[in-house]
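Letters A, B, C and D mark the chains in the order given here, with residues in each chain numbered from 1 onward.
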Amino acid sequence: MTAILSREILIYAIAQLLDGVKHVAVGASSPIPAAGAMLLRAMKAAKGEPVPRISVLGSVEHNFFTNGSAELFDCAAQGRIDAFFLGGGQIDGVGNVNLVGAGGYPQSDVRWPGSFGSAYPYSVVPRVILFREEHSPRVLVDKVDFVSAPGVSERGVSRSGGPIALLTGKGLFRFDKSHPGFILDSIHPGYDLDEIKASTGFKFQHADRPGRTASPDGSTLSLLRGKVLDEPAGTYGEFAAKMRAELP
Amino acid sequence: MTAILSREILIYAIAQLLDGVKHVAVGASSPIPAAGAMLLRAMKAAKGEPVPRISVLGSVEHNFFTNGSAELFDCAAQGRIDAFFLGGGQIDGVGNVNLVGAGGYPQSDVRWPGSFGSAYPYSVVPRVILFREEHSPRVLVDKVDFVSAPGVSERGVSRSGGPIALLTGKGLFRFDKSHPGFILDSIHPGYDLDEIKASTGFKFQHADRPGRTASPDGSTLSLLRGKVLDEPAGTYGEFAAKMRAELP
Amino acid sequence: MTIALPVDYAGVSMAMTREMIRRGASDLHLVCVPTGGLQVDQLIGAGLVGTVETSAVSLGEAGGAPRFNAAVRDGSIRLKDATCPAIHAGLMAAQKGIPFLPMRGLIGTDLLRHRKDWRVLDNPLADAGDPIVLIPAIKPDVAIFHAPMADRFGNVWIGRRRELAAMAYASTITLVTVERIVEENLLADELTAAGVLPALYIGAVGQAPRGAWPYGLWGEYPPDVAELNRYAQAARTAEGFFRYMAEVGVEAVS
Amino acid sequence: MTIALPVDYAGVSMAMTREMIRRGASDLHLVCVPTGGLQVDQLIGAGLVGTVETSAVSLGEAGGAPRFNAAVRDGSIRLKDATCPAIHAGLMAAQKGIPFLPMRGLIGTDLLRHRKDWRVLDNPLADAGDPIVLIPAIKPDVAIFHAPMADRFGNVWIGRRRELAAMAYASTITLVTVERIVEENLLADELTAAGVLPALYIGAVGQAPRGAWPYGLWGEYPPDVAELNRYAQAARTAEGFFRYMAEVGVEAVS
């Protein structure tokens, strides 16, 4: 058995965060979340349990929608999507996400593409997983410069969804919406609490000795390296190819 | 030349009422309005003028919509339909239309199918032509028992469409929305003012000696009996067949 | 239980209608999208229906809907008289997960006067006045229809009959009968995909050849006009209705 | 003039974009449905644009949109930052002829704070509170896109890319380029009809083979990734942009 790669830790963490969902939507250009969902499906299938439906967004070949680009949002509004991933140019300590730009608005110093459809699924999908590999004070800020999608909403505002976790290349946080704020759940192999603190621009809660992010066991790893990556050019062929290129 | 049939008078009257429209929608089960629209198209084509678009509603074979049964209403809302026809179990002197039932509600003595989509196009299509061959006090009532679609709207209510005329088997009325009420425009051959008065349940304005509804001239009649009815089994073949059966 | 049912020409699952009557149910709330016919009339005649929300119920060229009309006279069903675009608006609100859709053209109708769930609001985006009606979301528990084909993966081909998709989006679950089930994935080819309601919305698909009979199915077979007329005649009385239903093999199992 | 333009994978008429730049225009108001890319970047770079209403502008894998980003920094375009479902909601309101569509999920965003045309209303159907945002109708003058085929009657086949239909419904007129024009009526066969935007909405159709290039067209050809990267590099400066455009044969006629 070769050493477990850091991305395999991320994929396994995502599979665990998704446990129990019936339908997860993942972006076509998000191989790690997609692989996490596919790993969960393989794990469920191996145990003979019901498998989650995985919908690949923005894939021309595997487009499973037939009502244009509004259908994803409608589908989420109807409660048909249980989990979703969101990244961000900036993410702050109360779960706000900024996809618009840094330094002023509208004449931002650094302009990113824009908010896309972030706010809506963030407000209606029950399990939104914030995923950003870069874990630095530049990304994880105290307060975002622009709120594309708010982490929590004021009392009285209808909201059925929101963030449940933030996964980075260094650690996993759980989101506590009552606080609101992030609680460090575990640290990935190779990092420590000081490193996490130094690279996180917002305050977060943590145990004195936070746990280590779990690595997949042997059988899970062989599912990941086998079934998930080797899946032939079927529904998820393009992901498999991407993953194969990224995971030596 | 054979004698002009009473239905040919109606078809010609409709063609005149539609003069100038760019797009008229007609029901698949309304051969006279459809023939009127087709006659106008033939008359325009003969003069080398732009022809109106005719859309046949509810025809399975000639369905020109692709967004389900909501598209007609959306299309009308967008201002893409200039003229439309409406009948009614009862029509009253201020242009109200009843398609629901007579005598009480909800436990009507006589129940008709229901309002269908009447109110919406009545409110947004600029030229709605009320068409009902039966001209009797039972149909043309003083006040409808149920307003499926109102003839006029209160001041301040947004309304861009409404009735412009009422055509029956006995005469043609114009609608004056400022009054509001009907003005007898002309009486079809074979009827007179006394007959119209006796068979109309609402009060209406009229000249002392109302005019006679125009008959198509020779060339128009040959268009009607030729091009319109003989049109091969093309777009309007089913109408042609219906009309041919009805017009000996 | 609220059930969304399509207009007579869009694809009516008469096969499932007969099965529903055999199995029985009570106090169903039917939402006709946007009008009803034979299916609604039979469900009412068999005593399954408590409420009908519709823009119209009729047998088309075969005349009025006899059991519906009788139930209206008796007051044995609750009527929510609507109009086509209001039904579409309510379903669209459910599709979008919003509480209501605004709609013009209803002020001055007796429909509005009798629909206490429809509310008039002065358009907040206008300077003054401009009353507009708010149609609350219609969220059926189940949508039921009949379509030409489905694939092995549960994708259903509805062609351009997009009111069927609108019903499905708005409903918690959708049950479909089809003429045939095909091997190939209907989403794999852009030509067929354009007319597909994805499996995501579908609870179950059953094969029922000629499942719309005596209605027709667009692109497949025409309506059986003689049979529709026979029903229209027979169902003028409750006795005639039950006799007819027994003749076509539909009796409550109880 | 307000122009609706589709997302990069739906069918972008780059052929018409080049023609627009040659002919020139000013102070265009672009509505991206729901995001923009190369087309929007080139129209901005060529100085045709006054306002951009969009959920995002980027060149996807090729990176940020250089002329858009520069214009944002300079403040030389007016920005109406939106989010995908709000663009869809505004177009849907126009489609339905209603003044607004309500939408949840926007309260607490800075999008809402900067969009003075979006209004918060307490949901009139709730007992108390429940604030919801009203998105006003978006009514473009023109919608422009590229599609695989049209027929001689002006019917355009858009397949399952129904945002193209949504754009057309909302817009006064729609201009389309297509890969090919076919002889048969696309509405005559239910299989093709399912993916048709009817001629009713179409102002003009022009044939432009590979008219989406360097974008791809679904079901037809993939994007020219090398060319998109070449543009992304070249357009980092205004000079580089004009040099690139001249190289691909696009210069203002003036």
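The rule is short, and it goes like this: a contact is a pair of C-beta atoms (placed from the backbone, for glycine too) under 8 Å apart; a residue touches a chain by one contact, two chains touch by 3 or more.
Here the structure is a predicted model, which means the values were calculated and not measured.
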Checklist entry - Touching chain C and chain D alike: which chains? => result A, B
Checklist outcome for this item: Note, CA centroid farthest from chain C's centroid sits on chain A
Checklist entry - Does B-D or B-C have more contacting C-beta pairs? => result B-C
Next on the checklist: For chain B versus chain D, what separation do you get between their C-alpha means, in angstrom?
Outcome noted: 40
Checklist entry - Measuring from the mean C-alpha position of chain A to the mean C-alpha position of chain D, what distance in angstrom results? => result 29
Checklist entry - Distance from the CA centroid of chain A to that of chain B, rounded to the nearest Å? => result 60
Checklist entry - Taking each residue of chain D in turn, which ones touch at least two of the other chains? => result 92, 96-98, 103-104, 130, 132, 160, 165, 193-196, 218
Item to check | Multi-chain contact residues (two or more partners), chain A | outcome: 63, 65-67, 77, 124
Checklist entry - Could you list each pair of chains that touch, in label order? => result A-C, A-D, B-C, B-D, C-D
Checklist entry - Residues of chain C touching chain B in their complex? => result 7, 9-10, 33-35, 54-58, 61, 64-65, 68-69, 72-75, 79, 81-85, 88, 92, 103-111, 114, 129-132, 160-166, 216, 218
Checklist entry - In the complex of these two chains, what residues of chain B are touching chain C? => result 29, 58, 60, 63, 65-70, 73, 77, 99-101, 105-109, 111-124, 146-150, 152-154, 156-159
Checklist outcome for this item: Within the complex, chain D is touched by chain B residues 23, 53, 55, 63-67, 74-80, 124
Next on the checklist: Considering only the defined contacts, which chain C positions touch chain A in the complex?
Outcome noted: 94-98, 165, 169-170, 187, 193-198, 200-201
Checklist entry - chain D touches which residues of chain C in the complex? => result 89, 92, 96-104, 119, 121, 123-126, 130, 132, 134, 136, 158-160, 190-196, 218-219
